[in-house]
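Across the two complexes that follow, chain A remains constant while its partner is chain B and subsequently chain C.
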Partner chain A sequence: MTDLSEKTSYPSSWKKPPLIKRAWLRYLLWFGAAIYLSLAFGTMEVNWDRVAEGIPRGQKFLAAFFPPDFSSRWDSILDGMLESIWMAVIATVAGIALSVPVGLGAARNLAPLPVYLVCRSIVAISRTFPEIILAIFAVKLFGFGPFAGFLALSIATVGFFAKLLAEDIENMDPVQAEAIRSTGASWLQWINYAVQPQVMPRMIGLSMYRLDINFRESAVVGIVGGGGIGATLLTSFDRYEFDSAAAILIVIIVIVMGLEYLSGYLRKWVQ
Partner chain B sequence: MLSLKSVSKRYKTGDLALTNVSLDIPEGQVLALIGPSGAGKSTLIRCTNRLVEPTEGTITLNGEDITALSAWGLRKARRRMGMIFQEYALVERLTVMENVLSGRLGYVGFWRSWFRKFPAADVQEAFRLLDRVGLKHMADKRADELSGGQRQRVGIARALIQDPALLLVDEPTASLDPKTSRQIMRLICELCEERHLSAIINIHDVLLAQMFAKRVVGLQLGEIVYDGPPDGLGPDVLTQIYGEEDWEATIDKVEDEDDDEETSEPVASA
Partner chain C sequence: MPVLETDKGPVWRRRTTRASLVTWFCYLIGVAIVVYCWELVSERTIWFFVQDAGVQAVDMATRMSPPKWSYMEVLWQPVWDTINIATLGTGIALVFAVPIAFLAAHNTTPHPSVRAFALLIIVSSRSINSLIWALMLVSIIGPGVFAGVIAIALRSIGFCAKLLYESIEEIDTKQVEAITATGAARSQQLSYGIFPQIMPSFAGISVFRWDINIRESTVLGLVGAGGIGIQLDASISTLAWTQVSVILLVILATVLVSEWVSAKIRAAII
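Showing the complex of A and B:
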């Protein structure tokens, strides 16, 4: 109190306290990062001759794509596309169906510790392998064709969807959950009345997003033997039919954009 | 009817939230639980229906030892304890009707509740209760479209449709304006009287507690420091519960506000 009446001089400048308090550590980190980056860039060898050769080759390559040729391979494009769509849809549905129990088990606020650890491991393992690696495994196990692609995409979907579902459940409002529990609801009723309504809109949006991802990945998966439009694309590259390949790429882009639009619309609608 | 015997709660963090609390509540009594934040009011209420597991002591409701129940027994016991929450705790994305009917979850099977096919008597009772709290026309609205006071009334209907013997009420007015607060408190007390319910009402507001409850229990740092009629809350008692402060203004105001209470609009008696 007495401080106020005295003429105390208050500082007129103020600085935001730094994120890393110890000054030496701060400078050391900056210094280390600078050294690492300069070394890293130094190590990357760029052979300018090859770059110079590559540019006209790239131009020729791109020119071969035009005009895109939809007609001469239209039947196989259509077949591949339908197979890819089918693969993406059932992989999404199966993957999500598998994700729901895994996701419930991977939410710390629902599951006891052992269940939690098992489910988190499932999620971690399926997230470790990108779709293309999973597809290579599946092709090795079950041979060429869309079944391998479907399997690879389903497993990848579990890793993606179960993780996000678990995180959404962990972020739910605990009071709403408490209220339903206090009515004497059973566990399943509690999930249905307190948890599901809270996570549903996001999950609908995410499943559309995953369908979109699975469709795009089905092209990649096809290239390693998983069937679908990827196989068609690979064939056209192998035959140097770049104009047909261009047509396939355009169709993929159109479908992905369509899905994008649809999922955005759906997400707004469910909110 | 409800009796707590030397109930203690120690959280995993080591904080002792309740120490040796014993309390007997006869049938039909509305008890206000007052005390500063962190005194253990919420813990006490949540121990009663075991949303929080008490560390020690026994809780009996109508002769049944709640603390010894299995999961299934606890579900059945919880049906007899309706709970009303501070932030209403409605499931926001469900309709008003679903929120009210969720009070019947302890009575119906999973598939019935999954398909929202509740027994006709439950649906009828839900409409009757919504009408009682003045919200019959809101049945199909989503809970997050309602105002605070309306949400709390849905919360009350949800608790009552459980056909409880006891109401556990946790800060029912903390997020409401003064007028709505009184309306809600009055509604809760009227309903308790109509149905001969006992109630424990946690409440910050000493004035509201004095206005509506027949018995006041003061909690401080997890211990009961006052248990008596509302007019026994003198400055010294309030100081004991809350700490040093000028309490005269608070106590005087009680009589003032009691007067203009008569003029305040009657609520939801339609």
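Showing the complex of A and C:
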């Protein structure tokens, strides 16, 4: 028997273990962060005089937002809002339709290597550029109006949706896929009966989420001429009609909240 | 199991007649909505410009090549600014997002009315794009990097707080109960019972948002809020297309690097 009386003093206090266990790494990270912050603030050149000047102006500016004026520009707000919604809907649908083949090609367990690489680079490129840059080029190529916004949003949707679809396919249960395969199913039947049912519930949720994103983004593609509520918003800023701008922002927030509620409800219903 | 009765006996099928009718009806409604939306959009499109797009694209591609690499010298400072906007903006956002998330999670909120208020902050910050925040901030605090930092921060608060409060709601209550049973005060419950549980997702969320913010901060310059967008806007409006292609390549490289970094960090955390 071991001698228990040997260990008489237990530690009376306890310290929480740190998140990063290696001490040198922890101190190195702190040190690096400190150097970075000093460099970043050093090169930022905040013009504090301008900020101080701006604060009373900002108060006036914010005061100009209240009360929100829904009535005087209601027609153009409604028009821009509906245009944004149509644009978001067809951009989501077209983007998803395009992203299904890309997503299938970007899943390593379905596609051969050359197809995989091509599809992955399509995804990488369309994910990289923010919607607004895509919109600038779409407007240059296709002219002003909702068509350009629709194209920009669809391309952005492809990057987002194809990537998540491919990841979901890569994580699917291979047992079911093999079971379908062993019945002698063709490739299309295999996709339809083995892959699609496994990824479908999550994809429906994600498509609602993307609709929500596309609607929010449609508010900015208008700033560069891509149609939708953004154009109305920019016009009201340019005319210094901040009360109308406040009304537009409130309507955007309400619609986004509604969409979020709807998508939560739909996701619960699907699962 | 839904089967179809035929002369040769039952045949397996995927859905019952009723279920497949309902499915087709849903598809029909979906298609009808899409066709209707498409009609409305195509009404407002000038198809002449769209037909012209191929010619325009070739024209633009020839004007954009070869990229004017000497322009890179001017771009280092804006790239540094862009990274700073994203990083500092994410940092400021996290400082505000943590308390808001605790107020918004239904298991840590002091009162339901406080929770409603916190949720309102989250939704308003999330619904308004950082470009619109920047548009407003530029007229309040003047153009420059600082407006960009604040715009990114305002936009990120909602995003981070939403993901964070969802992970607070999903914590294991037993650990908190154990801490409470030792007689811990409310603040000790937070720091010993809840914080260690949400720490990994907190780190994951901040890296994820940083990655998104790099992407968003590249365009803030379009409205004057600093970063590489200023050069992009200037080059497009002076029709200096060879500079535009350099800028686009730089943005591509920056985003790919940031994505790689964030993937590495997330892999290290999880």
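As a convention for this text, the second predicted complex is superposed on the first by the 237 of 271 C-alpha atoms of A that agree within 3 Å, B and C clash if a C-alpha of one lies under 4 Å from a C-alpha of the other, contacts with A are read in each partner's own complex, and residues count from 1 in each chain.
Note that a contact is a pair of C-beta atoms (placed from the backbone, for glycine too) under 8 Å apart; a residue touches a chain by one contact, two chains touch by 3 or more.
On a predicted model such as this, the values are computed, not experimentally measured, just so you know.
In the superposition on chain A, A:Arg73 makes contact with neither chain B nor chain C. By the touch criterion stated above, A:Lys163 is placed in contact with neither chain B nor chain C. In the superposed model, A:Arg120 makes contact with neither chain B nor chain C.
When the shared chain is aligned, chain C comes close enough to touch A:Pro130, but chain B does not.
Of the two partner chains, chain C is the only one touched by A:Glu217; chain B is not.
Once chain A of one complex is fitted onto chain A of the other, the partner contacts of A:Val93 are limited to chain C, with no touch recorded for chain B.
After overlaying the two complexes on the shared chain, residue contacts for A:Ser182 are found with chain B alone; chain C is out of touch. Applying the stated contact rule after C-alpha superposition, one finds that A:Arg57 touches chain C and leaves chain B untouched. More residues of chain A are touched by C (comparison of chain B with chain C).
Residue overlap on chain A between the chain B contacts of one complex and the chain C contacts of the other covers 193. On chain A, the positions that touch chain B within their shared complex are 173, 175-176, 178-186, 188-190, 192-194, 197-198, 200-201. Contact residues of chain B toward chain A in the complex are 49, 51, 74-79, 81, 83, 85, 87, 89-94, 98, 102-107, 110, 113-114, 155, 158, 162, 168. The touching residues of chain C, counted against chain A in their complex, run 14, 30, 33-34, 37-38, 40-42, 44-46, 48-50, 52-53, 56-57, 60, 77, 80-81, 84, 87-88, 123-124, 126-129, 131-132, 135-136, 139-142, 144-146, 149, 191-192, 196, 199, 203, 215-216, 218-219, 222-223, 232, 236, 248, 251-252, 255-256. Partner chain C is touched in their complex by these residues of chain A: 16, 19, 36, 40, 43-47, 50-51, 54-55, 57-58, 61, 82-83, 85-87, 89-90, 93, 124-125, 128-130, 132-133, 136-137, 140-147, 150, 193, 216-217, 219-220, 223-224, 227, 233-234, 237, 249, 252-253, 256-257, 260.
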